[in-house]
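Reviewing the structure listed below.
Naming follows writing order (A, B, C and D), and every chain is counted from residue 1.
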């Protein structure tokens, strides 16, 4: 195997697609959005990216077939912009790998003459979040106006620790390669899988790209998580006084 | 030394051999089977694979001779299929190394025009196992029928955490290279070396490949382990009530 | 992206510039000096060095623009020697990367026909420091006389643990490549950001290179840190008797 | 800098030299022997080996000159065999580096048409050692007879954990490259620097190679360590009953 190999499964004819990344991360916000869009809209796998920098393992599917660790890029046709949606279960396990795998992601985007890259994720607040703002960072300041109109907030030097991993690199490396690259981060506690933060990010994305998917599945998951949170709060309220800070949970 | 070097010791004339991997892992199940077959059947070392990705060390043999860290592939002639049996004491120490060393294993299989790859291992249950089922995962769903007839169980999305290390990669990378690759995992507690799980896996392998080796040595090791377990249970039954869950042992 | 890439932003016409490194390290001494000189003197960014060996991340600036992890080299014109000042927020994350990134720094120095390399840092004493001596290490013993005249102290086999990271490598690799390379280390407790140690190192550098920058900003930061230390000492003096050893603070 | 670079300092005319390695390790036995021979006999530095796989640092010498991390090979002329003695303060920091740096050491040995490689070290016993046996491991069984005559002990499959690091690799890789390679390991507690174990290894080496160096310096260090041990034993004998097991010391 090559250090990174892109296995092409389909070569769909997409019209000016936007590249959307939703790999695992804070609150699984990006991954929830990516998987939701893939499931609700008309989609097919375009390619799988394997790499020596991924963990040395296979996952076993429902048919007992072993699948080599991979990131997958799906073509999604919507009533608005066509999408290339990147998701998966794995990240590169070393620094050099992060840079090179992200480079391979951008190669696929370039293959489809994509100009717009959206990296989706969460930004941890350390507290239960009621209103899920979506915070943005951009490869170039002139991208901010359109995003602000769609409700994205821009805050000076935030997130303070920068953006780590593939989301950050897609904007950093993407910008250097001439993409209009944006990171959209839903505010989330950081302790729990957060479908509500995912909904907030999805709403911004739909607004920007002119599509609309059914949100019932995300709502159902949000309801499940509400119950989890409410049970955790009950436990907190027992012997010690409860508060909305989940710092010691999960 | 090259990054990976294959030192050829013999070039046996094998007829359509099956490639069988039994490196150290959960319950040492794969390694027990591989070493047992090598010892009981007519076998010779075919090649040793050294790699910069193995630990930087030598082992010292009974004649005080230092042997560079290696994986060994043995040719085994049986009354059924000929075998190429891979075993050893070492694994690659980094992700990239795991991928590349597994690639070198498959190169040897390809050298002998092998079509079938069997990766042997254990699957941990967290409890003492009475009936040692053998769970399978495959590179392609059409391999399942023959395996199921030989008693292999297929369970949707199991093992849940996937298959990590060379066994997983042999199936994942092997499948991509066109091998019919199978992982056979004997159920085992995960806490102890498990010759009984090894016997269960060996029985499936013998059935599939039409050979039969004496099992006395494995039975003897199984008896030894029975005693170890029984002594551990006695200890458990002292002050605190004993149960069959060994979660806190070893 | 290449393993290391140098992105040129300007090509200033410098006259026999001295190369000055101030990356993050003990007491942030080197970084404080470098950033202070860049801000107080007439300076511009010359190049940004990106590397797969840096952390896989971006920082977000006050305009919400994501900046790929980088080290920056600035041209600084002074009334004395021209300067090339290296600073940044990141270091290589692995051994090999440290060597290669330092090599790229020296390549930039060579590009400007620099002969003199100054690596700035702190040397930890483990105690509050009143008089901030500046300790030196050199690529060649004949560099010591001029430095000693500027007040640099030379102590046999100190620092005892050697000099780790880019400062050490700039002197070690720099010397091998024919640069006159010097490491100037301000004595500092090692527990706190130390603008006073930075002032001591800056004074030596100004003396050696014949320039003079306003020090008010460093004085202000020094005053802030004084207050922090004084509050820490008050806390110490509560239940337990206070002393000047900050071993348990920070 | 190259990944590994050998900086030649002298090209002495040696007659059939034996290559002797004494890098830091268990009880510093090998390093003590190597440094002692270099100091007591007529020696000069032949080359320094630098590597990106060494720690990214310099050491500072008594003249405040920074020396890039290196291993050094010295030519030593004795009344018996000429020697190439390898020592230093650093080891490779990763697996691949260990293999490659050891390869570079053997390249130097090959440059001088060396046939015999002696890797010196300690073997930990976990208890205070009175009689310092020297245990051997060889690249080829026919080397054992001469060594046994010089007092080397050979024990089946010992050390049980193999020989890790450059000493092991010099024998493992050296044997593969056609050297007669031997590892001589002085028994030592494993908890303290052990000049007595070094004396035992030195005696074997002198016997094998026909040279004889003054041992006063090693005796002095041995006396110092005796005092350290005796003070440690006094401390042990206070509240709890003392014994010769130093398991909990150092």
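Before moving on, here are some points about what is shown:
As a convention for this text, a residue touches a chain if its C-beta (ideal position, glycine included) is under 8 Å from a C-beta of that chain, and two chains touch if they have at least 3 such contacts.
The structure presented is a predicted model; accordingly, all values stated were derived computationally and were not measured.
Taking CA atoms, the transformation carrying chain C onto chain D includes a rotation by 90°, reported to the nearest 5. Taking shared numbers over all numbers used, the chain B to chain D interface scores under half, which places it in the different class.
Set against the C-alpha centre of chain B, every other chain centre is closer than that of C.
Separation between the centroids of chain A and chain B, computed from CA atoms only, is 38 Å. Counting partner chains per residue, chain D has no residue touching two or more of them.
By the definition given earlier, chain contacts exist for A-B, A-C, B-D, C-D. The part of chain A that touches chain B in the complex is made up of residues 1, 3, 7, 50, 52-69, 93-94, 97.
Within the complex, the chain A residues that touch chain C are 92, 95-96, 98-100, 102-103, 136-141, 144, 154-159, 162-166, 168-169, 171-173, 175-176, 181, 183.
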